[in-house]
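Both complexes shown next keep chain A, but they swap its partner, so chain B is in the first and chain C is in the second.
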Partner chain A sequence: MESFWLVTLAILAGAVRGGTPFLFVSLGECLTEKSGKINLGQEGSLLAGAMTAYAVSHHSGSPWYGVLAAMGTGMALGLLFAWLAQLPRTNDIAVGIALMLFGSGIAFFFGKPYIQPSAPLLPGIPLGAWSSSSQIQAALRICPLFFLGLLTAFFLAWFLRSTRWGLQIRAAGDQPSAARALGISLKSVRTWAAMAGSGLAAVGGSYLSLYYPGAWTEAISGGQGLMAVALVIFARWDPKMCLVASLLFGGAQSVGPALQAAGIQTGYYLWNASPYVLTLIVMIITCSTKKSLAGAPGALATGE
Partner chain B sequence: MAELSATSSGQPGSPGLAAPTPGPRLKRAWGPAFEAILVPLGAILLALVLFGLFCKAQGQDPFKVYASIYKASFGSWFAFQNTLMRTAPLMLTALCTALPARLGMIVIGNEGALVMGGIGAVIAGLAVPAWPPHLALGLMALSGMIWGGLWISLSAGLRQYRGVNETISSLLLNYISIAILNHLVNGPMKDPSSLNKPSSFPIAEEIMLGRITFGDFTMRVHWGLGYGLVACVILWFLMQRTTFGYQARFIGANPKAARLGGLPVNRTTLITCFLAGGCAGVAGMVEVAAVHGRANESLAAGFGYAGILVAFVARFHPLAIVPVSLLLGGILASSGILQRAHKLPDSTSLVFQGLVFLVILFSDSLYGRFKIFKP
Partner chain C sequence: MTLIPPENLERFTQAPASLELYRITKKFGDFTAADEISLTVPPGTVHALLGENGAGKSTLVKCVMGFHPATSGEIMVGGHVQEIQHPSDARKYGIGMVYQHFTLVPSMTVTENLVLSRPDVPAAVNWKQETARLEEFMATEAPFKVPLHKRASELAAGEKQKTEILKQLYLKSRILILDEPTSVLTPAEATEVLALLRQMTVAGKLSIIIITHKFREVFSFADDVTVLRRGKLAGQGKVKELDRDTLAAMMMGGASEAKRAPSAPPATGPKPTAPASTRRTALRVKQLSVLGDNGITAVKDVSFELAAGEVLGIAGVAGNGQRELMEVLGGQRPAASGTLEAHDQPYRGTRRDILTHQFHTLPEEPLRNACAPMLSVAENIALRTFDQPPQARWKWLLNFRAIRKSALPLIEAYSIKTRGPDTPIRDLSGGNVQRAILARELSTRPIKILVVSEPCFGLDFAATDFVHQKITEARDRGVAVLVVSSDLDELLKITDRLLVMSGGTITYETPTATADVAVIGSHMAGHG
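So, the complex of A and B:
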């Protein structure tokens, strides 16, 4: 019985550990999409954020400066996205692909000198200190960024539902013409939403390089920034559901290594694809050609 | 993409209704064509200037960097052949984005289709080691085409029948295809002698794709270049000069009207995407049959992602893909010299590609802005 609880705890811990970057990226994407634009460039923000965080942490000695710097980088990329995606005759999906390329290029270029040196990492909060079992201690060692993400999810849900700015963002995403008639500046609303969203994605990147796996490499992201787009669809543009979806995907990511640790070798490489397959399955189940999804911002992918 | 242009075409002064303004006949006939050539050229120039500033900020003399790039890509016959070898897979993978774009779809599963095509080609090549080379190569190309084609058709089918966004699904399929490749070369297809880099068994030497020869004159470049050129010309003809291509472009311009008009929207979409994926699959076959001789992780070398850029810069025109592939092939070929002579990391070419991509998209917003091109 005790071993069952240990395994369950390990899976939950894996979900939290692997799900935190998903959480930040999907919250950022959710905010951006609520304002009416899809940003596929979150992957670039994530990578650039991971690199910036590691580099700044290495030079300043404080990982928290790294997180802040990552946020700044992400917001700069978000500004670039918002500007290009709102020009006449451009397409947000194409701009996102370009930013994915550009962001990862920038990250790899400037990150080259930081692959070797070590930087101070974010501390884990030892919630399992009461236990003598090292497994429980390891499982309950949780990064403060996860709690920040948790707070952000609930804050964002409240912000979008109950504040004036939240209403403006939803109006810009749902009924751009009505928003314009109300005197809301679509351009500034969408620009702020994209900047904040891209900044959140970059914080997710800083989690990757400063906590888990906790080093800067060029293969640090397995496409988390892209899967965020699918996660948001799965979460029906609801920040609280983003939390659930992120934990689910974090758990899916740890299935392969967990099975390998349990001695099951067959199909190890196929298990690595499980988050992508899961994303695809989720999209096949939730999407439909007949009607737009419940909760989807009305102006998404209409080019308005 | 096309949905977008369909909604934004209600701009003032839309063509067709207004009487043609009197002007020089030359300008009326050639203005739009000049615009279509000069705007992308201007964008590439702007990207070159921006990249030069980037190099300057890194403490490098931009002119020397460009001189190195030129020398390593087009400066000598040897360098030019290096460029041509990279041009071949680029042309084929670019078609994978360019064809569906005519239908208003943005497919970015080029890398996955290339990998699947490579796997398909290796399976075919291993099955018929003793066949006459031409037959064996034909079978390998066919197998690569079918595997790559089905891979992208999957994305298209999900879009047509389930409403799944094709950009995201094709991207996810990239990751899945690489996992399948890793599974195969580490498991069922593994050559036990490939220790450092798990690979499949090699295909027979006799059925490898050879170099281009004319009489006594032999190039280092393999016949994959010919495959790419032929594919670009055939698909240009298909998309611009046949009923099928007209249907496809009509669907891209206005999917609703196409459906109401009784066009076979689903069938046209699936066939176009099959052909597109087939091209990327043939690129995988070329990489296997002419370069690596086996399937391993070198297949996913980024030609797929570079192909997306080529397709966008060429504005999805199959013939324009040829010169753009040549240019980008040159950039890729010069990556080594940037590392050796200028101490710039290998990701420099990625920065450059990203810059070009962003500037090209920016230039899209400039069409119709310049009076000088107005007829």
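So, the complex of A and C:
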């Protein structure tokens, strides 16, 4: 019985711990897709962000400078995406794949010297200090970036609903011809959305290298940037649903380690595959040849 | 007939200014799209811009709206020369445009759409306050009502059109430019919207420029008319002093009579004499239901029979299930339930079925739905036959020389204007794409069933006549023809029998000879 509670606690803690990068990437992707372009390069932004954050933290001694630097890197990659994806006769999916490879490429290239040295990491807020149980203390140790992500989710929902820029982004993403007739510049709206979106993804990357797992390696992402794109579909382009979906995926990711920690070895690798299985299931459930998705921005994948 | 309450009209304190265009010329490179065109719109009048497609109507109003500044010429608002370089300049002078294609964002509510259209959207929108203000606008100034809380995607075409007009009034535009405003409305909706606008102009609260190619609207709605042909001014005057024939002559130019005469007889020509019951049923649709893109039933329990040698028309406002029905007939969408039978045998739309029953389709927007845009004209014409000899050896090795050779006479016969058979078909104009697809569908074999949708959308007079003539010729050869169109005039001209589709079902059937437009209109609107 005790092991059941331990596993549950570990999964819940894992949902928060493992879900945070999903949260940032999916919020960023949600914002970008709302403006009408799909940025598959979020995986590249995530990796480049993780590397930049670690390197800057190592040299400056402050992990928060690392987070800021990661955001800058992400925004630069977002700008590159926005520029390339809006050239005539290009396609956002193809540009996204190219930038995914480009982002991870520069991360690996410049990140080589930072695999060995250690950098100051982000602090965890010990919300479980009241308990004597070390498991509860560990589970309730939460990174401030998670709370930042939480705020961002609610802020983004409000931003898209009730601000001038939010309305313009939705118009550009749902009916570009209408946006053009209203005098909205598709180019600048989409550029800003892609930059902010890619910046958020890179902040997610800084969480990976500066908090959990808390080191820079080339295998740090494990495709989370790509899974987050699927997650946006699952969340129906709603920032608050992105939060729910991220926690779900984070939880799925921690099932394997949690069972292992409780001494259950059976099917360890199989359990580790659960986020990927979840991605596939989400895709199968939500995709149909007979109907288009409710809530999907109208301009997605139309080349407009 | 609904009328605007007088007290609502009184709220419009701001009267429209006069608008004058003086020798407006717009060039795109060497091409002159509008050539020294002048016209005057006094306050409180309706000015009709009449002309065929490509006559320069849109080019001209886009100069007034500031989408592309005129190459030369002057625009005077209220007697003063004004520079209009950008749409925001036009808005400043109270000029607003209602587009043919709606500029509402489908996923947003009417309230959100109206707020978004304001030039000064607040950085953070207070929805409570905005909703209250809009409700007040609706209660006092608005000449007609639209549901504020509904999403634009849930509105019927008529409501969308009204919302677009309300948007301009909300923005305080007093000179409205309407671009073919009735093309998406039922006859009843069109009459209502135009009557309300007419009432506002008569009261001196609004001036209107209406782009149209419908004579009926010019005569019932406009005070003055300007006719354009190939970018040039072809005629101008008071509507009262002009008649239909004069306008038609202006619009078509000197050659019009000669061009129209030979094509007219076949269109109304000898109809088959055998009664429908004795002719063989070529296509039978039985209780067909189809799901739309959103997974909601778009076509519900539709049944009808199409006999050889008849033209059956399906009338209806676009978006009432016609597209989905067409896609099922063309094999592009699975049916949810129900069956199709061709010549009393089940029809599944496989290549073999198509060949056996000689079932041919001409969907709407052919460039998108019936072409491989990057392939050449010759290859597109060969899409029905490329796997048969002589265009293919052993049914798989293509002979491109044979494909080109068989395309050449068709390009000639259907007068397809192309640089050559090897030009990618997407480089052709809309009318010529239509001709090419018509050539493919009508010429290849002794065809038996032909299903066409919106065959003349966006085509000029000459091309429209050509298409109608080909359809009638096919009918006279004994082909069973189904025509789906949102243009009721077209259907009345070429069909033998009419069905009306509304809300995904067939609501009315009548022989065309005894059809009553008012009855058809009310069935199209869904209350019959």
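In the analysis below, the second predicted complex is superposed on the first by the 297 of 304 C-alpha atoms of A that agree within 3 Å, B and C clash if a C-alpha of one lies under 4 Å from a C-alpha of the other, contacts with A are read in each partner's own complex, and residues count from 1 in each chain.
Note that in this section a residue touches a chain if its C-beta (ideal position, glycine included) is under 8 Å from a C-beta of that chain, and two chains touch if they have at least 3 such contacts.
All of these numbers come straight from a predicted model, not from anything done at the bench.
Trainee: I'd like to know which partner A:283 touches here: chain B for first, chain C for second, both or neither.
Mentor: A:283: touches chain B, not chain C.
Trainee: Go through the superposed model and pick first if A:174 touches only chain B, second if only chain C, both, or neither.
Mentor: A:174: touches chain C, not chain B.
Trainee: Answer with first, second, both or neither: which of chain B and chain C does A:65 touch in the superposed model?
Mentor: Neither partner.
Trainee: A:223 in the overlay: touching chain B, chain C, both, or neither? Say first, second, both or neither.
Mentor: First partner only, chain B.
Trainee: For chain A, which side has the bigger count of touched residues, chain B or chain C?
Mentor: The partner that reaches more residues of chain A in the superposed model: B.
Trainee: Counting contacts the way the document defines them, which residues of chain A are shared by the two interfaces, the one with chain B and the one with chain C?
Mentor: On chain A, the residues that contact chain B in one structure and chain C in the other are 288, 290.
Trainee: So in the complex, which bits of chain A are touching chain B?
Mentor: Result: residues 40, 80, 84, 87-91, 93-95, 97-99, 101-106, 108-109, 112, 218, 222-223, 226-227, 229-230, 267-270, 272-273, 276-277, 279-280, 283-284, 287-290, 301-304 of chain A touch chain B.
Trainee: Which chain C residues qualify as touching chain A in the complex?
Mentor: 86-88, 99, 101-108, 112, 115-117, 119, 121-127, 291-295, 334
Trainee: Report the residues of chain B in contact with chain A in the complex, numbered from low to high.
Mentor: Residue positions touching the partner: 1, 3-5, 7-8, 106, 108, 158, 160-165, 167-169, 171-173, 175-176, 179-180, 182-183, 186-187, 305, 308-309, 312, 345, 347-348, 350-355, 357-358, 360-362, 364-365, 367.
Trainee: In the complex formed with chain C, which residues of chain A make contact?
Mentor: 161-165, 167-168, 170-171, 174-175, 177-179, 181-183, 288, 290-292, 294-295, 297-298
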